[in-house]
Each structure stands twice: as C-alpha cells, then as structure tokens.
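The chains carry the letters A, B and C, assigned in the order they are written, with residues numbered from 1 in each.
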Amino acid sequence: MTEKLIRTDKDYIAYLKLNDNPANSLSSEMMGAIQAELTEIDTNPSIRVVVFESASEKIFCSGHSLTEVKGMMSDKDVQAQEKLFAQCSMMMKQIQKISKPAIAKVRGVATAAGNQLVASCDLAYGSEDSRYALPGANIGLFCHTPQVAVSRTIGRKATMEMLLSGQMINSAKAEKIGLINKVVSSADLDSEVEMVCATINQKSAEVIAQGKRSFYRQIEMGLTDAYAATSQNMVKNLELNDANEGISSFLEKRQPEWTND
Amino acid sequence: MTEKLIRTDKDYIAYLKLNDNPANSLSSEMMGAIQAELTEIDTNPSIRVVVFESASEKIFCSGHSLTEVKGMMSDKDVQAQEKLFAQCSMMMKQIQKISKPAIAKVRGVATAAGNQLVASCDLAYGSEDSRYALPGANIGLFCHTPQVAVSRTIGRKATMEMLLSGQMINSAKAEKIGLINKVVSSADLDSEVEMVCATINQKSAEVIAQGKRSFYRQIEMGLTDAYAATSQNMVKNLELNDANEGISSFLEKRQPEWTND
Amino acid sequence: MTEKLIRTDKDYIAYLKLNDNPANSLSSEMMGAIQAELTEIDTNPSIRVVVFESASEKIFCSGHSLTEVKGMMSDKDVQAQEKLFAQCSMMMKQIQKISKPAIAKVRGVATAAGNQLVASCDLAYGSEDSRYALPGANIGLFCHTPQVAVSRTIGRKATMEMLLSGQMINSAKAEKIGLINKVVSSADLDSEVEMVCATINQKSAEVIAQGKRSFYRQIEMGLTDAYAATSQNMVKNLELNDANEGISSFLEKRQPEWTND
C-alpha cells in the first residue's frame, strides 16, 4: 500500500483516505492501491462498508494525474494510455461489484474522474462547500469516461451542462440533480456518514451483498428479463438463514440476530 | 373476488381498495384479485382509469405477506416461492400492459412490493403523511424485485439509499425524487385524483390505449428503434376516427366528440 | 432557405429563429429548412454552437403542422405520413449527431414535437413565462414520437403526467423535472444563453465534437461496453494537438491556444 492512500478501519467501516496532495489525483499508483484495498475489503468479514474521503479539505479527488497522462503522450505510448483507462474503468466497476456498499464522503472539489468516483459509489454525501465538475473540455480532454458514470446517475440535461460548460456546480445543485444523496454541514458530515454506515451494519452482510449484486445486474436489463432475474434472486435470498431469522424475528416482534449466511 | 379487495366503480373510474387489515399485504390471494380486476378493467368500455387506494389510513400496502412467505420457507417449497414472485412480477407488468392508465393514491405507508406498486403505476399522488420505503434488508429479504420498478422511476442514488438504509422517506422527498407526481393534503387528495382522472376522461380511450402501449414499448429501445416504432404508432393513430375528429375539431375551434375508435 | 426559418450568425453562434406565425409549426418545409441549416452548421468551421429560438414571444414551437397532417389524412396518404414522421425523427437525431452543441432558448409555449425539440437539444434555457406540454391526446393524436425524446430526458412519472393530462407545465416545473437546465427572466435570457455559448467557445471545437459524439453513443450501451467505447475515445482524444496544448497549458499555468485539431 502506498501512503498516498491511507486505510483506516473503524469497527466495521473501512475508510480509504486519498492523501496525495495537492490534487489527490487518480494516478495508476493510486488506482492500484484502491483496487487492492477493494479486493481485500470485498472478502473481509469484519468490514461492512467502505467510505472514500480525502485528507485535503480543498480537493476530494481531481481525476487522472495529468503529469502521468502527459508523459504517456510525450512517449506516444498508446498502450500505456489504453492500460490506464482500462484500469480506471475496472476500478469504477469494482466499486459496484464488491459485496459491500461504497460511500463517497466529499469535502472540496470532485472533478473529472474524481466526479466519476462520486457517481460510481452507491451513496454520496457532500459538505456544504463541496463542489463538482466535469472540466475535461477545459484542458482539451473531454470527460468521455467520467460521463459514463455521471449520465447513469443524473439526467441528460444536467450531465450535458457539466460536460459542455466545464464549470463547477455547488453542493445544493449536486443534491438537486441527484449526483449526491444529501448536503450536510462540514461539521456534521462525518457523523452523518457514520449513521448511514450504522443503518447498513444493522443488516445481514450476505443480504446486502446479494442485493447490491442484483441491483447493478437488473438495471441493465429490459423489464421482463429484470423481473425474471430478480425473482430468482428472491428465491435464492430466501434460502439464507438470515432470511428465516429476519422474517421470524419480525413476525415475533423481536430483534433479528444475523449469522450472515 | 375477495373482500380483501373492494372494487367500486364511480362513473368511469374503477377504484381498487386494498382492504386486508392491518398490513394490506400483497398475498397471492390479493394479487390474484387485483389481476382479475385489471383483466376485466382492460376491456371494460365503461372504465377509463383505475385507481389503487387503501381502506387503511395507516398502511397503503406493505408488500408481500410475510406469513405466506414464511410458510413457503418452512415447507422448503421453492416452486411455491417461484410462483409467488412470478405472479407479483406479472401483476406489476399487467398494470403497465392494460389499456387504461393506473394511478396510485397513497395514504399511509407504501413499503417493499407496496412501493413497487406505486412505482409501477403510470401516475402516483400521495397525501402529506404518506411515506415510502424499501425495507426488505431490515428483515433479511432484500427488495430485489421492488427495485426493478423503483430504479426505473427514480435516480440511482435515491434508489440505493432506500435499499441500503431500509428507512422511510416522507412525501416531500418522494415527490422531489420523482417517485410520486405530487404531494396533496389528505383532505384534497381524493378530489385531486378525481381531477386527474377527469383530464384522462376527456381524451379518446383508444388514443390513450395506443399511447400507453407505445410508451412502455419505446422506453426499452435504443433511440433509432424507438423512433422507428413510434413513427409507425403515429401513422396507425392517424387511421383512427378520433384522430380525424380531434384534429378537425381543433382546426375548427370546437370541442371534439370521440367515438373511441 | 425559407423565410419561415431565419438564420443569423453572430460571431460563432448560429441562431435559428422559427418565424412561421402564429404556430411556428414543424411543417415539412420548416423541418427541411432546419435540416439544411444543421447540415451546413455541422461542418462550418466558424460556427461553434446553434441556438433555436422563436420570432414569437407566445409560441416557441407547436410541433407538427396540423393543416399538413390533416391533408395527408384526407388523402389517406400513408406514405406521406410515414415520410413526415421519418423526417421529424431524422431531424431530432440530427440535432444530437451534429458536431456542435445545440441549445433551445424557449420563450412562450413548446408543445408536442416542439417540446421534443427542447428535449432533443443538448441544453435548454427557458424564460419565466415559458411553458411546456405534450398535448397530443387532447386532439386525438398521442405524442408517440415526442415521448421518445422526453422520456429519455426526464423521469417516467413526469413524462406520463404530461402525456396523459395533456396539460401545460410552467417553467419552474420544467426546471425541477430536468426538461430545461434553468429558468431565466425574459430580460436576461438572451445574455444567459450567450454566456453559455461563450463557455463552449472557450473549448476546442474538435474536443467538443468528439465529446458530443461519445456522449450519445455510450448512453445507449451497457456499462462494460460504454467503458470500452469511451476508453477508446480517451485515447483518440489524446492524439489531438489540442489535448497536448490543453494539458501542457494547464501544467504550465497559462491559457491554452486551440488549433482545433
């Protein structure tokens, strides 16, 4: 692990703190570190949720390292470029593939692939002074890949405005258009995210894992296929001891005790 | 028809009142009754719109009957489970397949498949004290199938928040995220929905039937296919006497008189 | 070019003013004129953005010419009808296919295919008194084709309400549901749109062209295909001189000078 990414586990929460001042960029080194942590978190039974945050109050994540990209351009190294964007796409998809919910806790600006990171997380909460942009066109490199995550999270007109203007939107607008779940004062942001994590921790880990998997699978299907797939997910979910315990405890008006299987 | 579902026709409106206290659950019996009514309504020339409502002010619909599901689990009856979820999916799709618009008029809480019912209706109006949740994970059974309808109606971040937290959202938030069309005071909810029904009743039944069918068909297609299909829908619509009457009356500045063919 | 469509180029902005009083309808003549202008604009190196506006303060665009449609009905000329809707779909797709951003600047009402025009533009700004409707069902001709563009821009419940009620929504609601980017006072609308155009003009024309193309391509794909396609778009974008200039100027903290290649 690089010091550019600091992982701190508090109880069942794995915090991944981007710590590469000043830009907190998604260099291949940073993405490799995130991928390695996500792989570990995916199967770590102690961890229930992963939270992305930044060491800096000013920049949550600024996207690709332009120094790194510039080097690949100077070398005319197309293979290295392809590898870089493949790695980034793989990491964004991994966030949705892992069995634990991922939350973006945003202070400062989230731009380009940093904004893609926010859009790719299952949930996102931002401080009042958080800001968001898809500014690639400003520097001659359109946010082609970031738009994939963003246009599947918010509406077309809002996405296009961010892409074509390259300008920052504030936290209130980000909430309004659905890029983040909620704006929270900077003072309360940590505890708000902790509370969200606590609601997730109250559930069965295996149920959440099955649910997250079924969500991203069904959303790419037509309606009939989606219902066929998720009906099978329901039957499979009912085979779990935790389904039996959950439904029994509900009918018996007591708290459930999960065994996570 | 079971007394658990009370159908009352007022003029051109078929009210389907869920009346299975206290939970108004979608037992297979309830769903069978709804399916039978929707089948009748689909071809009943007197009915122009169907409105789902509840006898209870506290619970609009709580989703599957947990007692019924628990029984199928105890019996390890996988076939019965598959049949149950297939029936539910079929009913939700039937709401969109019938030729008449379906409206959810929500008082109290709409949870799990009850929330799926709200999302599956063409339109939804909720009282100020209506509330909405996808709480399956709370009882060890993720809302796999309800998420299909909800994630096609509201944004991903909002859907995920409901799925992972399992918590209630209030009516204002439901309107904000697009789960319901409008929040109305409880005193005015009935008359508001009646007014919406009245606007539908002013249209040609056949035109609405063709339009509802084309809406759900095109929304699953790519852009080019969607335009090819709906262009054909336009030409077919123009063959109707009501298209001739509608356009003629508009050009002649008089009220149209529909023959619904 | 017909006088029904007035094109005025101001610097890098091509204004297309609908000027067919009183309805500003999308007759085949009007659509042909728009198509011809868009074809010219697409490859005109002086033009960076196209703005749709209306000569009338009351009607932005009322959709198809009902007189024209009525004539085709009286003649039972199905081929002419098919040709008309094919032309309209082609024009709406052309708006998204051209290499320059298209903006709807809306004063007055935008209805039926006029609303489809607003939804099909990349961006849309409306005056406080602008209004929007999908009123086809009112005159016996459902908005089958307009719904294609609208249902891909705003949520299902909002689209269905417009389709089934046929009623006008005001500018505030249009912004809230995402049909337009922003409501602006009528006095400030021109300058607001000019400012948006200015932000676009600050970017490289070739970068915007590649980005607009990749946006509409990826949005129809599944996630994995979308990332594969846009990763290739990133690599191709990096081959541009403007990417080199943009990234270099950013790292060197100076203004970029685009060569648009």
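Everything below uses one rule, namely that a contact is a pair of C-beta atoms (placed from the backbone, for glycine too) under 8 Å apart; a residue touches a chain by one contact, two chains touch by 3 or more.
Since the structure is predicted, the reported quantities are computational estimates derived from the model, not experimental observations.
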Open item on the list: What's the rotation angle, in degrees and to the nearest 5, for a C-alpha fit of subunit A onto subunit B?
Closed with: 120
Task: Self-contact between copies subunit B and subunit C, residue sets same or different by half - done: different
Task: Centre distance in Å when subunit B and subunit C are each reduced to the mean of their C-alpha atoms - done: 32
Open item on the list: If a residue has to touch 2 or more other chains to count, which residues of subunit B qualify?
Closed with: 152
TODO: Spell out the part of subunit B that touches subunit C in their complex, as residue ranges.
DONE: 101, 122-124, 152-154, 178-181, 196, 199-200, 202-204, 207-208, 210-211, 214-215, 218-219, 222-224, 226-228, 230-231, 233-235, 237-238, 240, 242-251, 256, 258
Open item on the list: Show me the residue ranges of subunit C that touch subunit B in the complex, using the header's touch definition.
Closed with: 66-67, 69-70, 72-73, 78, 81-82, 85-86, 88-89, 92-93, 136-145, 147-148, 151-152, 155-161, 163-167, 177, 216, 220
